[in-house]
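Have a look at the structure below, then the notes.
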Amino acid sequence: MPEQTIDDLSRRLGEFARVRDWEQFHSPKNLAMALAGEAGELLEHFQWLTQQQSANLQPEKKEAVALEMADILIYLLRLSERLEVDIVDMAYRKMAINESRYPAERVKGDARRADEYD
Amino acid sequence: MPEQTIDDLSRRLGEFARVRDWEQFHSPKNLAMALAGEAGELLEHFQWLTQQQSANLQPEKKEAVALEMADILIYLLRLSERLEVDIVDMAYRKMAINESRYPAERVKGDARRADEYD
Amino acid sequence: MPEQTIDDLSRRLGEFARVRDWEQFHSPKNLAMALAGEAGELLEHFQWLTQQQSANLQPEKKEAVALEMADILIYLLRLSERLEVDIVDMAYRKMAINESRYPAERVKGDARRADEYD
Amino acid sequence: MPEQTIDDLSRRLGEFARVRDWEQFHSPKNLAMALAGEAGELLEHFQWLTQQQSANLQPEKKEAVALEMADILIYLLRLSERLEVDIVDMAYRKMAINESRYPAERVKGDARRADEYD
């Protein structure tokens, strides 16, 4: 079995779409909608839980949540392929931006949004 | 420089939160909200575009879209850590489920949702 | 000044779009995306708050939240017009469905989703 | 039968929650999540449709879409009650803001976002 990597996963998702002739539906616009739809399903699992409950899910619920998360990753990788974005590299770049935007000593323990500072 | 992998990225995101004392805010419930909020921002980039336009973004727009996508991956990895979910493995499992749910010969060129079949 | 009603508001929103030649962008698909984008912005205001904090917003924050809520209503009314849906009547119908689906004596104090009941 | 108005609907939704002892779950934070979850379900109905298809829904599909829209209005009204926001008045105010932000002669036929002008 090939190693489970993001690149291998992405290739196999592309193949999955191609053999079903589904690439015609996978415009970036449509994939962004599908991703946001899955994010909405993720929310529904958590909407009536306390924060503490959300950190202590029953196994069956946790499995359902993990499958929604998988759907989100799947659409994110499809979108990355369509737009030719290296998503892991972008996440490293975004983390570097966040590090300079939120210096640890300045924001420690404070969750206000960046545009609420100053 | 260490290789850019999902695991390394996830570790560094955890460290980023810890040194800012932000883990107190990162309940699964809150992270699901943050992820969905970023998915909403992604939508806004595409909402008035045709599907064709969405596949031909100008460089500046594409960069902005890619940064939103990075935010989604970041929150997805944070959520995976909090719930102790192996997100890449889950995506492989979900792809296998989709392969049996949507046999290629049956769904070719047809994008109806699974629950609209039969 | 005319009375502020949903019908009057909806008419004026239609006029607003027409004089800007924006109806070409207001397909139901696009309006659903715009609505979900605004729902994402709403989430961002609440994502790091405790439930108690979310019920005690500072005036400036509350104003910002109320404007996001207004955007959601605006897109919901635009979508209703495009699909020729009487949204207030539909909400009464949905409430009636919910009343039979969740009898008060059965679900009192229990927020599980309908599909989690047997 | 009482006239179907937003105010009457809002009162009845409040009563619906109270007799089920569900107000404990209806913090603004949770209601914002529920609203966004319904917006995600709305998206799923449209994600693989062309814009033209989205304007020509089959009756069964249109009914399902209208019920999602009703859910969104329901949560929006619940949230308005909890935050003591007059949502119809806010929508009029937001429309006035949009009228000054997007003068008809300047933006005619152009759907770029406000922050992309100038």
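Which chain is which? They are A, B, C and D, in the order written, and residues in each are numbered from 1.
Going forward, contacts are C-beta pairs under 8 Å (C-beta built on N, C-alpha and C of every residue); 3 or more make two chains touch, one makes a residue touch a chain.
Note that the coordinates shown come from a computational prediction; the quantities given were computed from them, not determined experimentally.
A.B. asks: Tally the contacting C-beta pairs at the A-C interface and at the C-D interface, and name the larger one.
C.D. replies: More C-beta contacts join the chains of C-D.
A.B. asks: Please tell me whether the contact surfaces of subunit A and subunit D are same or different in residue numbering, using the over-half criterion.
C.D. replies: Over half of the interface numbering overlaps between copies: same.
A.B. asks: So how far apart, in whole Å, are subunit C and subunit D when each is placed at the average of its C-alpha atoms?
C.D. replies: One centre to the other, that is 2 Å.
A.B. asks: Any idea how many Å lie between the Cα centroids of subunit A and subunit C?
C.D. replies: The answer is 25 Å.
A.B. asks: For subunit C, what residues touch not just one other chain but two or more?
C.D. replies: In subunit C, residues 25, 30, 32-33, 36, 39-40, 43-44, 46, 48, 50-51, 111 touch at least two other chains, as defined above.
A.B. asks: Building nodes from the protein chains and edges from chain pairs that touch, which of line, ring, star, complete or other describes the result?
C.D. replies: Its topology is that of a complete graph.
A.B. asks: Touching subunit B in the complex: which residues of subunit A?
C.D. replies: Subunit A residues touching subunit B: 4-6, 9, 12-13, 16, 19-22, 24-25, 27-30, 32-33, 35-36, 39-40, 42-43, 45-46, 49-52, 54-55, 57, 62, 65-67, 69-74, 76-77, 79-80, 82-83, 85, 87-95, 97-99, 102, 104, 107-109, 111.
A.B. asks: What part of subunit C is in contact with subunit A in the complex they form?
C.D. replies: For this pair, the touching residues of subunit C are 32-33, 36, 40, 43-44, 48, 50-51, 111-113.
A.B. asks: Spell out the part of subunit C that touches subunit B in their complex, as residue ranges.
C.D. replies: Residues of subunit C touching subunit B: 25, 30, 33-34, 36-41, 43-44, 46-48.
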